[in-house]
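In what follows, chain A forms one complex with chain B and a second complex with chain C.
== the complex of A and B ==
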């Protein structure tokens, strides 16, 4: 599919609403993921690893900015999206609500969360939404390095008893909620997949499973079923809760509000 | 963690000479590739490659960073 125009003119409101939710979920997740990576600019296991974390943080913020800008075609004000929302309005993945406490959680987050975001982005590119289709290929090029780093570190950490224990705790905590955000079996996702703007939930789950299963095998962990929809927040496309206030204050740039030039 | 030194070589354009721009330490090749790309990202490189320093064989000098003792041959 290709040539889908900005703002999805001519499509049902339900499709437009669902696509907006998907773009905002991707943008918010990348913004908060960037903050979580940036916490490890100093304090990573080596200077090179810290520089890589810094680079990944910048990549995520760049991707987020582009995705926020794309929401202008859906009636949003990108500046307001980036700087004016409360934490409870953020649609970022649950795994990012709290800081990554140690390097194992940075790596587990890069595998599970960054991996799921890459799968979702690729599906959007394949859906042919023209305004961002080309730029997603550049994003995925950057994501290939995130994946290389994450998988190399994952294998290394999985080789020690303590490393494996910490990785296992993180992936077991995050996989099921992340699968639900990536591929929610709700009405919004179904209309999007039916319109060809993303893939059906089962296909998205299979792609993430294919990506992470070789790593999970190192920990004797199997892909779980996604969480059910009992506590699903359909408007935001995630479960209950929100990212910690401190992260959202940094995402909005509260301390620099007086200096805004935008 | 056993760290290996890798030297980093780049060229900005297709016809440029490959130039040594620095080095890094990493436990294996996979991480070294990422570290090279994220550490030496000041240019939009046409090509970047890395070489484990232990693979560089000095020819005419016995000092300097590439003069690994294992390659020295006595007369």
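== the complex of A and C ==
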């Protein structure tokens, strides 16, 4: 059975547009997050930490691949999505626009960004859209390892003054924009939630809060309100800007274009 | 269609997405590898089998996972097999979404099956529903892993 038979034809245009936006946002975020993790394969605080970053990078690209492929049912060409888009077209989360400067940012990103992506994916899986349910449950199984690693490191870093200071800087910068992407107060998200394909914004925010609050407490940080929609790019489902060109060149595989093999 | 496992209704397969190949790209198959237990593969069958789907599964018992020396069938990766006038379709999954051996596994399955004169074409469908877990490893697979000191 193809995904098209599984439900898209009956889908209202507005729902379909919003669902495509969500899946592309998840795919692009995972694509760029993989690059940000991969920067720390070497040079992490320990060899084991670097290997974990490398495994997480690999998982993120595996998830991105499956999500891009699922967009075929929406009329997209997954190859073009992966290899032919400009940076300004990427819908990845703002927190991923620049590289993670240090290990504290890797861990804050794993907690806030990877955590928000897991919350969003779980909500989609619960929505019961058959063509991707199985894929998402496989992804969430892999994400469980990211979570336990990230939370253990977060607690460890939060125990030192310098670690806590750096974590705090990152989470305070990223929480509000990430909350907005996860659960925007816009029409697209409302129709998608009304169709049961994700959860209402307030519920998604509550789920992320439940997940990260015990960690934020260690830093005396509270969950912020999400950003408003003044500078919201409704088409991409994120704020202005885009991931740095260098990351997109790697995501597209520009330098290896002539070397692609079967 | 031979189903090796109970699939939830509406199990969905995923198209294989290949990277774009410019005109001047490297030739296909620039690498070769010796995994998949190739040295243990049996000779092609003399005659076309009466039950081709059962035979395909037997042949896939000869194809080993590139990392763990047990068969793809015993590892629980094969979800179903269909045979229709020389064309074989194999539904399979991978242990991880970014399994580093995806290409090797696809290549091994195709190479083993197309050794047979009665197999004209092999189509591999990637399936993720239900997701693979260690519970899918067969009893025989577990025993083989145990004798190699791998606990499951």
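For the reader, a short list of remarks on this structure follows.
In the analysis below, the second predicted complex is superposed on the first by the 253 of 262 C-alpha atoms of A that agree within 3 Å, B and C clash if a C-alpha of one lies under 4 Å from a C-alpha of the other, contacts with A are read in each partner's own complex, and residues count from 1 in each chain.
Keep this in mind: a contact is a pair of C-beta atoms (placed from the backbone, for glycine too) under 8 Å apart; a residue touches a chain by one contact, two chains touch by 3 or more.
Quick caveat, the model's predicted, so the values are computed rather than measured.
Legend: residue contacts after superposition of the two complexes on their common chain; A:51 is shown touching chain B, with no touch to chain C.
Judged by the touch definition given at the top, the superposed model places A:82 against chain C, while chain B stays out of reach. Once the two complexes are laid over each other on the shared chain, residue contacts for A:255 go to neither chain B nor chain C. More residues of chain A are touched by C (comparison of chain B with chain C). With both structures placed on the common chain, the touch criterion links A:148 to chain B but leaves chain C unconnected.
In the superposition on chain A, no chain A position is in contact with chain B in one complex as well as with chain C in the other.
Interface residues of chain A, counted against chain B in their complex, comprise 45-46, 48-49, 51-52, 54-56, 145, 148-149, 151-153, 156.
Within the complex, the chain B residues that touch chain A are 1, 3, 24-28, 30-31, 33-35, 37-39, 41. Remark: chain A residues 1-3, 6, 58-59, 61-63, 65-66, 68-70, 72, 78-79, 82-84, 130-135, 137-139, 141-142, 253, 257-262 touch chain C in the complex.
If you check the complex, the residues on chain C that touch chain A are 8, 10-12, 14-15, 17-22, 24-26, 28-31, 96-100, 103, 127-133.
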